[in-house]
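Please go over the structures that come below.
Presented sequentially are two complexes of chain A, the first with chain B as partner and the second with chain C.
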Partner chain A sequence: MTPSLSAVLGTELGKLKRSLSWSIVVLLPLVMVFAGSFMTLVSQQQLADGWHTLWLRSVVFYGLFPLTLGLGILASLVWRPEHRGGNWNALMSTPVPTLRIVLAKTLAIALLGAVMQLVLLIAVVVTGKLLFGLPGLLPPRYLLVTALLVVAVLPVAAVQSALSMTFRSFAAPVAVALVGAGIAAVALAAELGGVIFVLPHALTARATQLATGTFGDSGQLTAGGSLAIVCASAVLTLLVVALATRFQERRDVRV
Partner chain B sequence: MDTVTTVNLTKSYGRQAVVQGLDLRIPQGCVYGFLGPNGSGKSTTMKMLLSLVQPSAGEVHIMGEPMNRRTRRRQLARIGSLIEAPPGYGHLTGGENLRLVQRSLGLDEAQVNRAVQAVRLDKQLDKKVANYSLGMKQRLGIAMALAREPRLLILDEPTNGLDPAGIEEIRELLRRLASRGVTVMVSSHLLGEIDKAADHFGILAEGRLLFQGSREQLFAAAVPDVLIDTPEPRQASAVLDGRLTTRVEGGSLRIGGIDNRVTARVVADLVGAGAPIYGVRREEQSLEDVFMTLTAGGRL
Partner chain C sequence: MSAVTVGATGPVVVNEFAKLRHLRVGLVAGLMVLGTVALTLLSTVTSAEFADPATRTWDVPLAGLSLAVPMVSPLLLAVVASRMVDIEHQGNGWLMGSTSGVTPGALCRAKLLTAGTVVVAATVVTHLAVWALGRLAGIDAPVPVGLWAGFAVTSLAVNLVVLALHLVLSAKVDNQLVALGIGLLGTVVAVFGSGFPGWFAHATPWGYYSLVAVAGYEGEHLVTTAPSYLSVLVLVGLAAALFVLVTSRFDRQEARS
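Our next item is the complex of A and B:
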């Protein structure tokens, strides 16, 4: 009789119909890729290293702030209707276990994040071909990086989801995302690699730098580096989901 | 069998106890009218029954099993509820909202359709909930609560925003559900809204239960005033002076709060003192009067 996770996730995705979140998912990466290309065109530089340079210009800055910020906004958007009218009471008065609610929300936000990476990938390929006439196709390692990014947005999705679940405010959790991204940028610039196991926002930022050679990155996509991303992502996501569930399970509904 | 029982149910915020020592008993298959003025603790009590709010003290049993954070999700499969404001996602249509409920609870099409028909929302399903009137939102909320075919229905002021015809429809719906064995608890701060539908009442004031029981017990609880008809009410009043508080009203004397035994003695005394008496009766009371008497007793 207990509703299954897939049914609950299906419900969460159903709530995204006509949601503003889709425009963010599409527009944010498009704007970032086009901004990177625009700067290149205006400064009349060449893409010195072809696809690699285009990827680097599209992704590194995006990974530092806009991506985390975008996930923060998506989380607030996904939770916003739950804080309205009688929806919170209704959500907490169904047989759906709290863990499944927390998981489904996290997965819905992460799924939006995954679509965002996909849009980014497509935008890079399209601008590379149409705008710069680059030869061949994007090297496959960037497909792998995209796949790792899809995994790496999970912990930020979990943290931002937990914050937007807890606070009715739309802006406060987004501000936390911004602060998290700032700390992540500083830590990564200082080459504190271990920060990805502590701060979800740093994990996401680090993942966008894979194979770019920026900040502490070697420029190579290694098995060890990829594994570290996947493990950190799994550990942080599980931890945050467990804590958020426990907290929510003890909390009373507000007035 | 009682569907809902609570023992010493209490909720305090800081030093202030907003619900105090409630021992609720809601019999199976009844419509339980939960009445009380604004701020008396109706919503807080209902939230504790649903474990939306954890009691500061006391416990809740629903259908013989404890209701708490550990058991609530299992219990909630058979409880439909609507607390304070109606639910519904504004950016979706009524139909889409109901499909979400159907999907997450694994209900079938027929269950949802029956719920929609019960609240007469069939024609409004394609409209976005953001564009619903308050009454339509209430109906949608009730439909969502009904769709899972609950054994217990907890509705907090469900007639808020409904027009008189809508209120009447909801009353009929509640009676019909109760006749099928569903236990319905419905709150209101207006007695008139639910007195025709409810057969059991709980009356709350300042977080305390002033009365609980059947309609008959409610009438019996508030003893109606005795009216003594006499052409000489002042003389009669003088006879009783010092023993009872009386009030002269035209051709009669009003005496409050005396039982039948005292009434008989009063009449004997008056006759003994030579006061002419041609009628002794108890005042007809409306449920409204009883309610007002009881809540006034709660120092409001």
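Our next item is the complex of A and C:
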């Protein structure tokens, strides 16, 4: 009997113990929120629009580069053990179907990505209350944006996983993530909204801009905009996982 | 053949250059040039200061360069260093080098010389490309040679310090997540550096990118400043001493497998 997807995913998560993955998952969102808040404090400005300004300063730049690069590094980390010693052939010799391996790796990266968004959300709330003493709580629309972000990291997780599966190098896929993030930033600045259906890095960046009014965003969280993020995530993730599985099945063991 | 001849700097550096081809370091350096020039060009053509062809000055592309270099360089330097060092971790290169008379420290120094040459070449190409594109875009004003050369030299010095730091980090910590994670956090510090107070900019190598910036926007106005030569000189001196110290400690360690 072949192991189930949840069993393979459990194995993948087990490999991440003592892997230092927490340093990206926790530190990166904390540093981004800290950088935005610290600059506000140093310039002795007030948060003009309360929670909205704090969210905007913490999340928009984070979505343009650091988030996708962080996911790229995590993907390299998840695939690193397989590229060492004889582990590659051991992985290919197991009775686990390739699709299940590719899916489990993607889900493990996406799960780390989801935790990153939760850390970001908590950091924004704590900073808003303790550092700036903002009234009330973070508006619920940002909870919805966080949920959409959790979905939007899936295609980047899939594509970076595919790259890290293909390249033995830890750093090369991260360089590709930087190129992807750069193209996404230019396309979003040019208000080419359709790019989210083509480039996963643009989809993640776009999701961080929801309800902020930056780049091409209207400033409102609409059902249409949210649905576009979910649909693009589903289509791109399935497509990348299918392509990566097909590629991997043709490659198989190496000597 | 004696160990001294085998371990001499020249052949080791030549060998490192030979390794660059398969590591696609040229491609990463090309990306660094392309990314920096593209970002500079974008920020230049979208600047309000650039709208009137009659009053176009070199300050606008210099402000673009001052922003593009810290955005693009730190992570790609981390990638170059990681690529060059990770092969030694994966292919048992430290042990092989040691048995043929090249100590890990000497290997790291050779890697800095090799990668440093690539970074110098990439810097020259970047600045020449921005100058050529500026001329094509119709900037007829005289080139502020002193200011531009000051920025080119000081930003190159910061890049080389960051590269040396990453070579040591990648060599010391086998898990490349550490080096690339620090490269990513360094990018954040480099980009936000100009908004932080001076003491914070001096605290990490990445903060120095904000100290060498020669042009930037204060509100709507474009202002130029001379790079902090003294700060960069101190950084380079300190980094060189630390690099020599750390790599000579590598030499005294037992060969790693």
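Definition applied: the second predicted complex is superposed on the first by the 252 of 255 C-alpha atoms of A that agree within 3 Å, B and C clash if a C-alpha of one lies under 4 Å from a C-alpha of the other, contacts with A are read in each partner's own complex, and residues count from 1 in each chain.
In the analysis below, a residue touches a chain if its C-beta (ideal position, glycine included) is under 8 Å from a C-beta of that chain, and two chains touch if they have at least 3 such contacts.
Keep in mind the model is a prediction, meaning the values are calculated, not measured.
Asks: Who does A:Pro81 touch here: chain B (first), chain C (second), both, or neither?
Replies: Touch status of A:Pro81: first partner only.
Asks: Quick one: classify A:Arg250 as touching chain B (first), chain C (second), both or neither.
Replies: first
Asks: Looking at the overlay, does A:Ser19 come into contact with chain B only (first), chain C only (second), both, or neither?
Replies: The answer is both, since A:Ser19 touches chain B and chain C.
Asks: Would you check which partner chain A:Val31 touches, where first means chain B only, second means chain C only, and both and neither mean what they say?
Replies: The answer is second: A:Val31 touches chain C but not chain B.
Asks: What is the contact status of A:Val241 with respect to chain B (first) and chain C (second): first, second, both, or neither?
Replies: Neither partner.
Asks: With the two structures laid over each other on chain A, which partner does A:Phe65 touch: chain B (first), chain C (second), both, or neither?
Replies: In the superposition, A:Phe65 touches chain C alone.
Asks: For A:Ala172, decide between first (touching chain B), second (touching chain C), both and neither.
Replies: The second partner, chain C, only.
Asks: Touch check for A:Val186: first (chain B), second (chain C), both, or neither?
Replies: second
Asks: Is there a shared patch on chain A that both chain B and chain C touch, and which residues make it up?
Replies: 19, 84
Asks: Under the definition above, what is the set of chain B residues touching chain A in their complex?
Replies: 47, 50, 52-54, 69, 73-74, 76-77, 79, 81-92, 96, 99-100, 103-106, 137, 141, 144
Asks: For chain A, which residues are in contact with chain B within the complex?
Replies: 1-4, 7-8, 10-11, 14-15, 17-19, 81, 84-87, 89-90, 92-98, 249-250, 252-253
Asks: Sort out for me which residues of chain A touch chain C in the complex.
Replies: 19-21, 23-24, 27-28, 31-32, 35, 38-39, 42-43, 61, 65-66, 69-70, 73, 76-77, 80, 83-84, 168-172, 174-175, 178-179, 182, 186, 189
Asks: Which of the residues in chain C come into contact with chain A in the complex?
Replies: Residues in contact with chain A: 24, 28, 31, 35, 38-39, 42, 71, 75-76, 78-79, 82-83, 86, 90, 175-178, 180-181, 184-185, 187-189, 191-192, 195-197.
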